[in-house]
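Next come two complexes built around subunit A: one with subunit B, the other with subunit C.
Moving on, here comes the complex of A and B:
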């Protein structure tokens, strides 16, 4: 290990560490523009110059280009190096526009900081400046090319790290230009990171354009809840308005970056139509009165019809506190156990995925970057859990191999092998894979149930993909760090269990395989543990229709947008004696509820969240509640009056409201105890030590779910369903923008959301006598849908994919359709 | 002994000065009947000035509000159709302002300026809170020439890329000619 001395301080680093990083470890931050820990070194900007006094190099050199070596003695403050850096800044300024006052980077601009630090303030150069035209890059980023200092961070990130090709570098020498071939929307769903990494104001965040300077923002660490990964963000708020989100480094989850869904999905918190008052039958009322009244009505219903006449529906992406409060209250009062999932299958899948994730299988999102073989089953990373795609890309960039078995022909920003397998055929494909994995295995060596499982897999019929599956099996067997990624959105519960079995089998064979599930949403993990898989919204509605449930408490769930059969929902709700709704959005149910109580969002009161890996993270409150000044002032100056109250600050945490609704003290401590019990981690939440910054895993596997149990009969029957009766499988799928219920309220992402279409392979379309662009009617319940046809090369045969974008946002995941229920609309 | 002499000497000079002044013309000015013209750069009531071409100078850069030691300036910046950045609202709380002049010093566009007009005093403190309309004047103030957008690189009504002071024509990125 190299030993060196920087500014008289000795340090020992791993071989391959750059001098700039070694210095950083000593707390010496050498100026840099082009160097970035995620992007590496290129030596483009020359501002990291230091003086090498002794050792293998001598003189002024770039600290980002030279590996730390034994015997080096380096000075960062040597007069010659300082003078060199000063000149670098001066030449970078030769062409720099006089823009700071109108530049949104000002206040957190690396170039501005370095210019001030270097002491350059008077322009000596008498010549003129080169200029550039800017480009329109879409609704998320503003382009101002004059400000570029040619550090190449943007093109290295965009093409190298993220793997998208539509932004890059053009021309040469002093005229280098970073942009697109032509104006147009950036094709990269991770493009917002450009605003974070560009050290100048070339790419600035458009939604927060001119909204304030960094020094005026209240900046708070927080967590993204727009998918199950739980990436870390920094929230900037000003004047009671969340104005911007940036990526926050987390070594175990997202690294330095986040996706655009997470970055720009916050608009709902500022929405002018957010309900900020309690209501009785749709009319505003005082929150304490509403609580009191609702509480006595609830007590009356329970007294009259018994506690089982009350049911509660809870949120997937709510805080753990809210989920725990629901579970606790339902249990204590003897209500139905709370339903978090709308679709019964989804609940079952989540329960399975969280139960099977053993400690020895777990791998963090960041850990995937180190995988050498990745097998993704039923997963569409960019659309379901965007940052997973970037993590997989890093693994592939480092020489790893990725294979994807799915129906949708996922578009992925890296080289991968893809097998188009219909959803219902996934199990059999994985079974065949197990067969190939164990080709040379003597089942006698395996535990009995594993051996039985392998034997059954060996009996499966040959399939179309055997050659490829065999190759994948070989790779897995030779792998040092294989990871099986399993989506949970469109697959069957059996597939989720099978993936865990594959990994367990690898372990039995002495291979340290890892398992990475993605779940339906943030805190779906918590919902799976705190709710029972048998409880779901569909069954609650049935009980309401039967008349056994008389009172319904709906917490942070928009039944209307998730439950497609609005007519049925309406009738069921009309049958209720009592409907209490707690939410932070203006859902249509709010005005129809007997009692409505306004809740806060994660931004206003924070909370505890579990990601898909069972990693617990905590988010503090980022903004005081209340209507933004932008709204109270109507865009003009804030109202000219003194008063003590904050307008619109009635909302409270859902768990607080819930506890009060049931007449309990609104205390958080008991909920934390309850959570500690659920996750068998005594003292983790109430103890003295806080949750560590990278989060901690508390969602351990639960006993009682037997591995290697598989109903192959059912799997084969499902498998044949499609081929046999010529049925088509309509799958409702997630999409990066437009299907996640919070982020789809963002106007900027709405602008990026493609319109709803139904996608299918060419051969499927030919069978149905359809062509691209045709309008087709899908005869499904509750009402038929008319959509344009899009041909997607590589999709599995007999599968139609329908993104769950508005207005087709439905909880049901699959529809089996006979061909006569798919009709082309003839042009008039 | 020498200290006694020094003390007497000092007393005598003091009395002599006072005595001399008894025969001077008084310089007391009967304010408010007479208002003495103050130097142009004396620091009192703040205004927002305009460019020589009559447009609002303030680009709502937030620098004056950042530098203000008593935090009495607040504003909201927005973009105009033509690319100009300006203040949607701009508020100075004169009840809090200490007339230190730091905002004027920080202003990169010569927009905010202190004027000699010191006479404002109200019973209702809210009347001391000035909005943009109260602050905006229709002249250039002390700097009669500066127009920020002529020097900046951004495209506005004042000029497109390459037309500002000391700028080359924009690079044609689709050509390889040097």
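Moving on, here comes the complex of A and C:
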């Protein structure tokens, strides 16, 4: 461990630490532009110069390029080094336009800070400045190339870290230009990070332009709830409006970056059509009256028809408090257990994934970057959990190998091996993999149930991917830190269990395998634990239709968009005696509800959230709530009303409304106790110590779910279903932009959402006598869909993929279609 | 579209190396020879041949002095502006060339014969000031010598035309 002295302070660091990082640990921030912890050193900007006084290096050197070594004595304040840095700054500023007053970076600009810190305040250069044309880069980022100081962070991030190739660096010397070849929308779903890492205003956040300076904003740490990963963000708010989100460093989850869905998906909070008043039968009313009236109606229904006549439907991406309140109230009152999932299979999958994720299997998102072999099963990272793709890329950049077994031919920003396996064939493929994993294993060495499982896998028929599966198995066996990634969006519950079995088997063989599930949405983990896997919206609706459920409480769930059979939904809801809706969005259900109660979002009240790894995080409130001043004032001065409250401040936390609806004290403490019980972590939430910044894992595995238990008959039957009956499997899939219900309300992301298509492999299209661009009618319930055909090279045969973009936002995941239900529309 | 006679040999050459991008410069030069300069179409063709994105090709193309992303004249005069030539009279050589051709650096004569561009060092420091015309080096430049060179080139072009 090298020992060195920086500015008279001794420090010991791990070998390989750069001097600039060692100094940072002492609290000495050496100026930097090109150096970034996620991108490493290149020594391009020359502004981190320090003086090496003793040791293996002498004189003024770049602190980002030199490893900290034993015996070094370094001064950052040495007159020669300070003078060097001052000249570098002056030189970097030669062509800079000095447009800070009109620059959107002004106020949080590293170049501004460094210029002042470097002591450069009077311009000596009298020559003309080089100028550049700016490019249109799409709705998310504004380009202003004249401000560039050639630090190369953007091109290194864009091509190196993120792996996209449509933005880079062109020309040389004084002409260096960072941008695209031509104007155009950036193809990188992680492009927003450019605004964070650019040390000056070359790339600035477009949606928040002209909304204020950094110091005008209320900045609050928060959590992204646009997928299950739980990346950390910083929310900027002004005038009761969320205006911007930036990535917030979390060493265990997202590192320094976030995806564009998370960054720009917040528009729903500010939406003018957000319901901010309580309503009775669609007419505004006082919230206390509504609560009182709804409460007595609910009590009357329960008295008349019994507690089982009430059912509750809850949110997947709601806070843990809301989920706990629903679970607690349903249990206490004897209602049906709350339904969080619309699709019964999805509920089963989430329950399976959360039950099987043992502590020794867990790996954080950041931990994936250290994997040497990654096997992804039924997962499409960029579309389902975007930041997972970047983590996997870092593993591959470090020499790791990634193999993907999926139906969709996922587009991934890194080199990977891909096996096109249809959804229904995944189980058998993983079973074959187990067979190859245990080729040289004496099953007698394994526990009995594992041995029986391996024996069953050995009996599976040969498959056409055997050669590749065997190679993957060999890689897994030779791996130091293998990770099995398993998606939950399109796979069967059995596949989720099988992935856990593979990892457990690796452990039995002495290999420290890790398991990484992605779930359907933020807090899907909490929903799986707090709800019953048997409860789902589909069964609730059946009970309503049968007349056994008379009252329905809907909390933060948009039934209309998730349940495509609107006619059936309408009829079922009409049969109800009582419909209470608690939500923060303008959903069509709000006006149809007998009682509507407006709820707050994560931005207004924060809350506790569990990511897919069972990692608990807490978010504080970021804005006070109320309608944005932009809306109340219509762009001018807000109306001068002398009230105590602020306009539109009626919404409350869903859990608070729920408790009041049931006549309970709206206290948070009992809910936290309930959560501690559920997750067997006494004192974790109510104790003195707060949730640590990187979150803490509480979602321990549930006893009672037997490993190595698999119904191979069913798997083989599924496997043969496609080939034997000549059927096609239509799978509804997630897409980075346009399928996640909150972010798809963002106008900037809407502009990036491709129109709905149905994708299939060339051979599938040929069988169906279709060609790219043809319009096809899919005869599915509740109504047939007409979509253009897109040929996706590499997709599994007999599989059609349909993104769940509006208006096809159905919850059902699979449709088995005979060929006559897929018809080409003849051109008129 | 690139004719098969140009494309085929390039594809063969690319197939013989481990990573196609190793040959990026060779391919760009070939295409430049074919098109006269590296047009946008040529960049797209090169990207297709090399399995790179057009931007990646452009990153390289715009870095190198001898790859021309805009049309150039029959003779491209690269006048050396490196430190040795600069000490030995680069500025007057440049000024003379501009006057003689009646163009600025970066421009092409209206007859399409000459393009004047800078270059930073062509390894002719011992015979500075120097310039390069279509890969041929000329040193110890002065007004008279430049006149002779240009007259010869004009004659050469006229003869080639006939």
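Keep this in mind: the second predicted complex is superposed on the first by the 824 of 828 C-alpha atoms of A that agree within 3 Å, B and C clash if a C-alpha of one lies under 4 Å from a C-alpha of the other, contacts with A are read in each partner's own complex, and residues count from 1 in each chain.
The rule is short, and it goes like this: a residue touches a chain if its C-beta (ideal position, glycine included) is under 8 Å from a C-beta of that chain, and two chains touch if they have at least 3 such contacts.
Computed from a predicted model, the values in this text were never measured in an experiment.
Colleague: Look at A:711 in the shared chain and tell me whether it touches subunit B only, subunit C only, both, or neither; answer first, second, both or neither.
Modeller: neither
Colleague: Just checking: does A:100 make contact with subunit B only, subunit C only, both, or neither of them? Give me first, second, both or neither.
Modeller: After superposition on chain A, A:100 lies in contact with subunit B alone.
Colleague: Where does A:165 make contact in the superposed view: on subunit B (first), on subunit C (second), on both, or on neither?
Modeller: second
Colleague: According to the stated criteria, A:545 is in contact with first (subunit B), second (subunit C), both, or neither; which is it?
Modeller: In the superposed model, A:545 contacts neither subunit B nor subunit C.
Colleague: Check whether A:180 is in contact with subunit B, with subunit C, with both or with neither, and answer first, second, both or neither.
Modeller: second
Colleague: When both complexes are superposed, which of subunit B and subunit C contacts more residues belonging to subunit A?
Modeller: Residues of subunit A touched, subunit B against subunit C: more for B.
Colleague: Shared contact residues on subunit A, subunit B side and subunit C side combined as an intersection?
Modeller: 170-172, 177
Colleague: For the complex, give me every residue of subunit B touching subunit A.
Modeller: Spelled out, the residues of subunit B in touch with subunit A are 59-63, 65-66, 76-79, 85, 88-91, 108-109, 126, 129, 131-132, 148, 151-155, 161-162, 166-171, 173-174, 176, 178.
Colleague: Once bound in the complex, which stretches of subunit C touch subunit A?
Modeller: 43, 52-56, 58-59, 62-63
Colleague: Can you name the residues of subunit A that touch subunit B in the complex?
Modeller: Going by the criterion above, the answer is residues 97-102, 106-107, 127-134, 144, 146-147, 170-173, 175, 177, 179, 209-213, 215-216, 239, 630, 633, 635-638, 640-642.
Colleague: Using the touch definition from the top, list the residues of subunit A that touch subunit C in their complex.
Modeller: It is residues 165-172, 177, 180-181 of subunit A that touch subunit C.
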